[in-house]
Amino acid sequence: MSAIRREIPSAILSLIGIALLLAFFTTLGFFQELHGILTSWVPIISGCSVGLGFLYMTYAQWMNYQRNKNLNNLIYLIVPLVFFAIFFGTALFSPGNTNSEAYQWLYYHIYKNVGGTVYAVMFFTLASSAIRTMRLFTRDPTGGFRFRLEAAALMFGGLIYTMRQIPLFQVYIPGIVELGEWIMLVPNVGGGRAAVIAAALGAITVGIRTLWGKERATAEVE
Amino acid sequence: MIKTGTYLDLLLFLVMVATTYYYFSKTKDPEWKPFIRHIPALDAIKEGVGKSVEENKPVHFAMGASGGQLYSTLVSMTLTALAFLRYLAIMCAEYGARLIVHMPYQTESIPIIEGTVREAYAFAGKPELYRREDLRYYGYGSLTWTQGVTASYAEEDVGLNLSVGIFYSDCPISLEMAHIMGGMNIGGTGRWIMVYAFAMMCDYVFLGEEIYAAAAQISKDPIMLTGILIEEVGKFFTYIMLFLGLVLNAVGVNVDVLFSL
Amino acid sequence: MAADLIGGFIGTLFVISVMSMLWRDNLFFRFGQAAIMGATIAHYIFMNFQSVYKNGIIPLMAGNVMFVIPILLGLLMYTRLSKDIAWLAKYPTSVLVGVGTGVMITGTLRGQIIDQVKQTVLDAFTGINGIIILVGVVTALSFFLFTKEHTGALGTCVKIGRVFLMISLGANFSGELIWYLTQMIGRLMYILNEFVWPLLGA
Amino acid sequence: MATARERLAKARRFYQIIWALCLIGMFIPLVYPLGLPVKVSEPVKDYYEAIANLPEGSVIAVSFGASAALLDEQEAQFLATWKTIFQYGHKVIFYCSTQDAPIIIQNELAEVNPEKYGYVYGEDYVILPYSPLGEAGQAAFAKSIRSIYSADIEGTPLDNIPLMKDIDSYKGIDLLIYEYTSCTDVEWVIRQWVVPYKTKVLIMTLGCCGPMAAPYYPTQIQGFLSGSGAGTELEVVSGNPGPGAAMSDAKNLGMLPFFIAIIWTNIKPFLGRED
C-alpha cells in the first residue's frame, strides 16, 4: 500500500525527468516524441486544477465569517462571489467570450487599472524602504559614527542610476548619463552574473536530488 | 547520438551527478559531518516565531504570487520554498503559533502545499492544530495576490513574515507592508532581479543562492546537507572553466567556438 | 460616451481603492481587494477551461484517446480535498514536477552558467571594464562559498564581492523604481483623461 | 523613551508625508505643464536624423511588438515616431508581433491621423496583422514577407495593395524600426537583419532594456529610444509635442521629495537628532 502512495509516484517523476534529459542531450527520436507529448499534457493537467483555487478562497472566507459574523466578513464573503459571477457570466454569455466588447470593457477599466495601480503603489513602498536603507552612517552606542560600506554601495548603484533616468538631473549634472550606464553595464553585470551562476548551481542541485527521489517535498509528503 | 551543441552542458551535468553520487554515499557514514558556514537569517526564524507567540500574532508564509511553478525552469525554487514551509510549520506547531500560508496563484501547486503543511503538523505530533482555512488563495496574477496578502497583514497583524520562493513584482508591497505593520521580515529569492527588494525591506535576508543552502541547513538531514557541498563543487568547476577560458583565449584559441560545443 | 464616462468613474474608484491602503486599512480598500479577487479567479478559470477544451477535449473528441490521461490526472488534483484519498494527488504533481525538473536542468546549464562564463571570458579581453566585470564575477561568486568561514584572504575577497552585489542590487532597484514611477504617472493621466476632463467637458 | 509601536507609527507618518509630497509633485505638471528643460541624448538625436535624412518616399518597416500593460512607458515614443515619419513623407509598413499590437497601432494612428499629412491607406502606409513571429519569424519576414503574411489587417491580399506590390523582402525596405519589450529580443534583429543584410535599424524599447541595446549603438544600430524619457526627447528634437513632456515634468517633481528625504535622513544623525 505504501508503494502506491510513495515509491510509484516518485518513480514516475524520475522517469519523466530523465526522459526529458535524454530528449535534450540525444538525438533519439523516441524521446523527442515523448518530450512533445509530455509538454502538451502539462498545461491540461494544470488547467484542470483551476477549480481548487475557487474552492479554497470560498472556504477560507466562509470559515472567517462563521468565526466572526460581522458585516465586514459578510462583505468579504459575498463581494468576490458577485464579481466572480459578473466576470464569468460576461465571458460565458457574450458572443466572442473574452474578446467581446463587454468583457474587454470590464477588463480594461477594472483589471488593467488595478494592475497598473498595484505597480504604481510599489513606487511608494520602494521609496520608503530606500529612505530607510540608504543611510551612510549609523550611530554606535558610544556616540561615534560608523560608515556602512554596503549601504554606500547600494546607494551608489541606486541613486546614480535613478538620477540618470530623471530629465532634470540629465540637464544639470554633466556626465550622469555616462556614469549611470557604466554602473548598469559594468559593476552591475559583474555582481549579477555571479549571483545568477550561483543560483543556477543551487537549482540544478535541487533538480538532481529530486530526480534521485531524495527531495522531501516530492518524495516523502503524501 | 549526442546532440551537437550540448557537449559542455552534458559535461557539467555529469560532474554534478557524479558529485551527488559521491556525497550521497558518504552520508551512509554516521560519523561524517561537513563544515558549513553559519547563515544568520536562520536563527532569526526561530526568534521570529517566538516573538509571534509572545505577542499573540500569527506567522505568515508567502512563496510569491507565482511561486507555485511546478513545470517551469523555476521548479527548484518552489521545492526550496516548500522545504522552508515544512520547517516553519513544524516550528509553529511546536510553539503553538498560528501559521497563515499565502498560496501562489498556480492552482496545480495547491495539493503539494497542503500536503506539506499537513504532514508537518502530523510530524510535530499536533495534527489537530492544522486549519485548512489558513491556506489562502487570492486569484490569478500578482496584483490580486499583493492586495490579498496586504489585507491579511492588516486584518490579522504580523508577527513573523517569512517570504521565500519565486517573486516577481509582488514583493515590494507585501514586504514593506509587513514591515510597516511591525512584523519581522525574513526572506529571499533565487531571482536576482528581485533580491534588491528583500535586501532593502527585510530584517534578515537570504541573498540569491543562500536560499538553497539555508533550506539544506534547516532540514538537518544529511542528504539535504550534501546539496551545499555539491553546489560548492559546481562553483569550483565554474572557476576552472573561467580560468581555462581566460588562458586559452590569451593563447589565441577561439573561446567563442569552444564554449559553444 | 456615457459608457466611457462610467468606465472612467469605475476605473478611478478602483485606483483610489488600491491607493487608499497606503493611508491605512479601510473598508473601501477591502471592497476593491475582494472584488478583484473574484474577478481574477473568474478570468483564470475561464481562460483555463478554454485552453483545456481546445488542447484536451477537442483532440479527445477527434479520436486521440491519449488525451484522456492528462484530463484524468488533472481531475485527480481534487482528491486533495478528501483526507483519505489525498495521496492520489501525488500522481499529477509528480508528472508536473518531473517535466519541470527536466526542463529546468536542461534550460539552466547553458543559459545561466556556461554562457555567463563565456561572456565573462570574452569581456575580460575588451579592456578595463571587462577586467572589472571579471573581478566582480570572481569575488561575488566567492561570497556564495559556504564550506569556509569568510576570514583572511577569502574574507577580503568576499567583502569586495559584496560591494559588487550591492551595486547590482542598487541598479536593479532604481530600474524598477523609475518604471513604477511611470506607472503612477500613467494612472494619474488615466484619471484625468478618462474621468476628470470628460466630466468637466460634459 | 518611545515604545516600539509609537516609533512605528511615527515612521509611518513620516513615510506618508513623503508619499503625499511625491504624489502632489507628479500631479501638478499634469494639470499645469511646466516645460522644464530636457537634454536630448546622442542615440535619440541619431534616431531622429536617421528618419529625417532618408530621401522622401523611402519605405520604412516597423516591427511592432507593444504590450498594452507597458504602454505608459512607450506611448510618447510611438506617437512622436509616427509623427516624425509622416512629417517627412516616408511610406510605412507596420507589422505586428504581439496580440496587443494591432489594437494599439490602430488606436494610435486614429489619434495621429495620417490623412492629415496627406497619407492614403494602402498607398502610403499599411498595417499587417498579428503573427507570433519570434526570431525565426523575423528571419522569414526579411527573406519573404509573403511567407508570413498573405493579407493585411483588413484581409486585403498583399498583391492588391499598391504599396506592397513590389516589396517582398529586405530589398524593398530602406529602414527598419524594431520595437520590442523583452530585453534580449535585440539580438534577434542584429542576427536576422543587421548581420546578413546590413539593413539600417532603429530601436524602440523599454527603459530597462536600454543598457542591453546600448552596446550595439552606433556600429550596428543607427539610434535607439529606451523608456518614456527618450520619447520626450524625440518630441523635443522633432518638434512634435505629445504626452511625453508632461510625463517628464511629472517625473522630475515626483522624484524630488524622495531625494530630499534621502539627504535629510543622512544628515539627521549629525544634527544630534535621534533616529
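In this document, chain identifiers A, B, C and D correspond to the written order of the chains, with residue numbering beginning at 1 in each.
Going forward, a residue touches a chain if its C-beta (ideal position, glycine included) is under 8 Å from a C-beta of that chain, and two chains touch if they have at least 3 such contacts.
Since this is a predicted model, take the numbers as computed values, not measurements.
Student: If you tally contacts for every chain pair, which pair is highest?
Tutor: Answer by contact count: the chains A-C.
Student: How many angstrom lie between the centres of subunit B and subunit D, each centre taken as the mean Cα position?
Tutor: 37
Student: Taking the mean of the CA coordinates per chain, how far is subunit A from subunit B in Å?
Tutor: The mean C-alpha positions of subunit A and subunit B differ by 13 Å.
Student: List the centre-to-centre spacing of subunit B and subunit C in whole Å, with centres computed as mean CA coordinates.
Tutor: Measuring from centre to centre gives 15 Å for this pair.
Student: Approximately how many whole Å separate the CA-defined centres of subunit C and subunit D?
Tutor: Each chain's C-alpha centroid was found; their separation is 23 Å.
Student: So which bits of subunit A are touching at least two other chains?
Tutor: Each of 21, 24-25, 42, 45-46, 49-53, 57, 114-116, 118-119, 121-124, 126-128, 130, 132, 154-155, 159, 162, 165-166, 184-185, 192, 195-199, 201, 203-204, 207-208, 210, 218, 221-222 in subunit A touches at least two other chains.
Student: For subunit B, jot down the residues that touch at least 2 other chains.
Tutor: 6, 9, 13, 70-71, 73-76, 79, 105, 107-108, 110-112, 115, 138-139, 141, 143-144, 147, 169, 172, 177, 192, 195, 197, 199-200, 207-209, 213, 231, 235, 238
Student: List, in ascending order, every residue of subunit D touching at least 2 other chains.
Tutor: 11, 15, 19, 72, 207, 227, 251, 255
Student: Are the chains arranged, by touching, as a line, ring, star, complete graph, or other?
Tutor: Shape of the chain contacts: complete, all pairs touching.
Student: Sort out for me which residues of subunit A touch subunit D in the complex.
Tutor: That would be residues 112, 115-116, 123-124, 127-128, 130-132, 134-139, 145, 155, 159, 162, 165-168, 170-171, 177, 181, 184-185 of subunit A.
Student: Name, in rising order, each residue of subunit C that touches subunit B in their complex.
Tutor: Listed in rising order, the residues are 18, 21, 25, 29-30, 32-33, 36-41, 43-44, 77, 80, 86, 89-90, 92-93, 96-97, 99-101, 103-110, 113-115, 117-118, 120-122, 124-125, 134, 137-138, 141, 143-150, 165-166, 168-170, 172-173, 176, 180.
Student: For subunit B, which residues count as touching subunit D in their complex?
Tutor: Residue positions touching the partner: 180, 182.
Student: Can you name the residues of subunit C that touch subunit A in the complex?
Tutor: On the subunit C side, the touching residues are 3, 7-8, 10-11, 14-15, 18-19, 21-22, 27, 30-32, 34-52, 55-56, 66-67, 69-71, 73-75, 77-78, 80-81, 86-87, 90-99, 101-106, 108-109, 112-113, 116-117, 119-120, 123, 129, 132-141, 143-144, 159, 161-181, 183-184, 186-187, 190.
Student: How about subunit D: which of its residues touch subunit A in the complex?
Tutor: Residues of subunit D touching subunit A: 11, 15, 18-19, 22, 36-39, 41, 68-69, 72, 207, 211, 214-215, 227, 229, 232, 248, 251-252, 255, 258-259, 261-262, 265-266, 269-270, 275.
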